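Structures incoming, each one as structure tokens.
Presented sequentially are two complexes of subunit A, the first with subunit B as partner and the second with subunit C.
Our next item is the complex of A and B:
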């Protein structure tokens, strides 16, 4: 038992691990809450696209700020908000289906981001940090920024809980109750954008969609009430962050990948358990 | 600063205005008329069946009245004002239009009806929960309050949405095919609830295919096929001329002793053949 304890405690003696754990837990909770609506509204592809579409912003911030996370953060946030509202506008403004519009914006902006980053000398290393995250490199000021915006997202999700629920379940009811639908839709898109930027350092662009949908989808399998789904999703995501980072520490695998693999493993376990339960009932 | 509410709050109803007034209402979809020059008036507490073939514009009419869809021209007045000034209009849509796997209980869904009254940043209080329970009791669903919505029968789903309209404190209820696909017992149950609504002076419009049901259970019927073919008491509206104008040659009309017209299968497409429903 003491051996297990020291196994648990050892990573915590490193301050970079303390910061990483805090960041991973916070990011997990924020993404899971926003992700609940992404799962319920069938917006997984949109979330994935949006994560990729912020790359030009990330690259611009990187080029302008000479590598400071703060500059990258603000540029990425700007790009994310623009891209999320832009995707909405393109799909409303043309006869194209929404997923087609998303595909066009997604690939185009992603290519632009790669092109911009490829002009930097240390291209490969930097790109991989943006694509796959680098939670072990989180500084104290990064953590503060993450916490600030993360809490903002949580507060807004809680404040507009009932409106977002109606909007997601029955848009016609939202209209007859005279809720400002367009305004709420855009607010939700902005929240998704902020969540993505907050999670950028933890899991990176390429694995972002897993943080958004996997814990929420797992929670969806486990409960039939929305508040419980949100709570469970947040718990699963936080737990995945902790387990993933321990795996990363002890086995020496990339932290973002370790977190996402943990989320996926929990999902598979739950799904398998549910399938077996259903089969044994029939 | 963004106006969070987007619109004015519910306007007070004009004292003697009818529950619903449509004036030369027209809606076009890419050149075709979904509704053409439809005018009528419904008094408070009346129960009206809106009848017509598939794609006759019944759903379009309801959506315009609810303020969910804009008309191309013409005007709707609900208790004397445009629909957008009201949160007392409930649109009970066809049952298949929501995702029943959504993580919500019957109670949760009925509580959604109170969100307009609660307003932003106000959570339901005990009195709201009591109100929702009372609405569920009215439709005979109190014992199913905590059931997940995917576990309901068709009739139960319909009653849940009526309870939600009650929770909304709706004074004008628009029900789109609430009886379609229900067994006779469930249909009777919904009709009983409508009797209860009449006592509360709730004005109810019901879209239906079923001419017999419309003839037997409503104060007035409206025969619609893009144009308003007839509106008034059943015996004035369901004449062989009107019915054949609405349904073309698809109907079997039979004269009976009391002069009523009994009609065979009514589940047919209108002469226009296109479906806007």
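Our next item is the complex of A and C:
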């Protein structure tokens, strides 16, 4: 047993691993909570699109702020909000369905981001850095910001828990209660945007949708009750972050990919377990 | 009928213009030269002087590993008489670019004939050099066999002397009238390189042998270490290119090495994202020292030419490891 214990403790002797683990757990929880609504409302494509749509904001943030995380954060957030409003405007203003509108805005903003980055030509804004992130490079101040904004998301979700629930499960009741639907939906979009920007450094743009969707989807298989689903999703995400980083430490694979692969493996295991259970019951 | 006359007049006028241009351009004709990295560009400028019209492709602080040429760059390459590249797969965009502009007739790898060293351990550079010579004839098939060679040859001034010879030869072939100038410029520059080498040797002699250890961002200092007797004990990014990311285990192993060896500094090139190196430096309590390895500095910076760049680097290394 002590061998196993030292196996567990060894990565923790490195402070970059401590920071990475904390960041992965924090980001995992925030994304999973927001992700619960994404899964319930069928917004996975929207989430993926929003993750890509922040790229021009990130590039602009680097240009303006010279690489300070906070500047990048605000610009990315601005880009995300603009993109989500743009998607709404296109789908409302034309006969096009929402997924088509998402496709147009998402590819357009992503292309704008790539164009901006290609004009800068410096290491600070190389594309792969944003596409795949690097949780191992998280600094103490990054961690503080992540924690701060993560906490903000959690507080808002708790505060508007009932409203979001009614909105997601019972649109008729929401109308009867005269909930400010448009306002709440926009608030949810902003929360998704914050979660995405917070997760940018951990998994990057390309794998973001997995953090948003996979843990929440796994929890959805396990329970039908919203509070339990949220707790389970947060637990699964936190666990995936820890297991993924240990995998990265001991097997030597890229950390973001390791975290996402762990999420996926847990989903597959749960699905398999569910299938076996239903089959044995029949 | 009138159209024919007009056509004839236009033709005649165009022919007159063309001949006039040609006649006018004759005395001030320059070789059109493109250089990929600004380090190669600086050496080309030293040898070509006012006889070449030089376009340098990579801007200051751009990373040669990840650089992507713009359409204008391709136009410049297409129109150039000679394109000087570092070679040895430093410019990862090169193969695609050559394909784009159709053929590699005008591309000259300045590192041709340099005795290359391999990455990861193998310091048998002598053998490697001979092998290189053997393959000289079958140039088309070389690319794969040399994928393991370290492309950062310029970190040893003696290799840059080979560059100057290659550049002088290529310029003389394209512009035989000025061949004597190119050869003379190359000889003069080689003397400066010898001087630089001697100065570096004497500066670095201040460092005790136990302090001659380097931790760098990526494997950019292989030739420097080989020539001046340093050991590279670790790199932040695994391997030869800046395009690879380390895993958690690799980063942990590096921090162990830094602590075990008591390395006082980590050296980062100006073309590489210092984020990870900064974290390792913070964690292990060592200094982060910037070096110019992949790019020169601005004209008013401390490393505006190759010679200044090397002097700056040697100075920074001596100061950090003393």
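Here is the rule we go by: the second predicted complex is superposed on the first by the 277 of 282 C-alpha atoms of A that agree within 3 Å, B and C clash if a C-alpha of one lies under 4 Å from a C-alpha of the other, contacts with A are read in each partner's own complex, and residues count from 1 in each chain.
Quick note on the criterion: contacts are C-beta pairs under 8 Å (C-beta built on N, C-alpha and C of every residue); 3 or more make two chains touch, one makes a residue touch a chain.
Note that the structure is predicted; figures quoted are calculated from it, not measured.
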> With both structures lined up on subunit A, is it a clash or a fit for subunit B and subunit C?
Replying inline: fit
> For the combined three-chain view, what is the angle at the C-alpha centre of subunit A formed with the C-alpha centres of subunit B and subunit C, to the nearest 10°?
Replying inline: 150
>> With both complexes superposed on chain A, which partner does A:229 reach: first (subunit B), second (subunit C), both or neither?
In response: first
> Which of the two partners, first being subunit B and second being subunit C, lies in contact with A:178: first, second, both, or neither?
Replying inline: first
>> Contacts for A:40 in the overlay, against subunit B (first) and subunit C (second): which applies, first, second, both or neither?
In response: first
>> Contact-wise, after the overlay, does A:281 reach subunit B, subunit C, both or neither (first, second, both, neither)?
In response: neither
> After the two structures are laid over each other on chain A, how near do the C-alpha atoms of subunit B and subunit C get, in Å?
Replying inline: 38
> Just which bits of subunit A does subunit B share with subunit C as contact spots?
Replying inline: none
> Which subunit B residues qualify as touching subunit A in the complex?
Replying inline: 2-7, 66-68, 84, 86-87, 89-91, 93, 97-99, 102-105, 108-109, 112-113, 115-116, 118, 120-121, 123, 148, 150, 164, 168
>> Using the touch definition from the top, list the residues of subunit C that touch subunit A in their complex.
In response: 59, 61-63, 66-68, 70, 242-243, 245-252, 255, 271-273, 275-276, 278-280, 282-283
>> Using the touch definition from the top, list the residues of subunit A that touch subunit C in their complex.
In response: 11, 14-17, 19-20, 118, 121-124, 126, 128-129, 132, 134, 136-139, 245, 248-255
> In the complex of these two chains, what residues of subunit A are touching subunit B?
Replying inline: 40, 159-160, 162-163, 165-166, 168-170, 172-173, 175-180, 183, 220, 223-226, 228-229
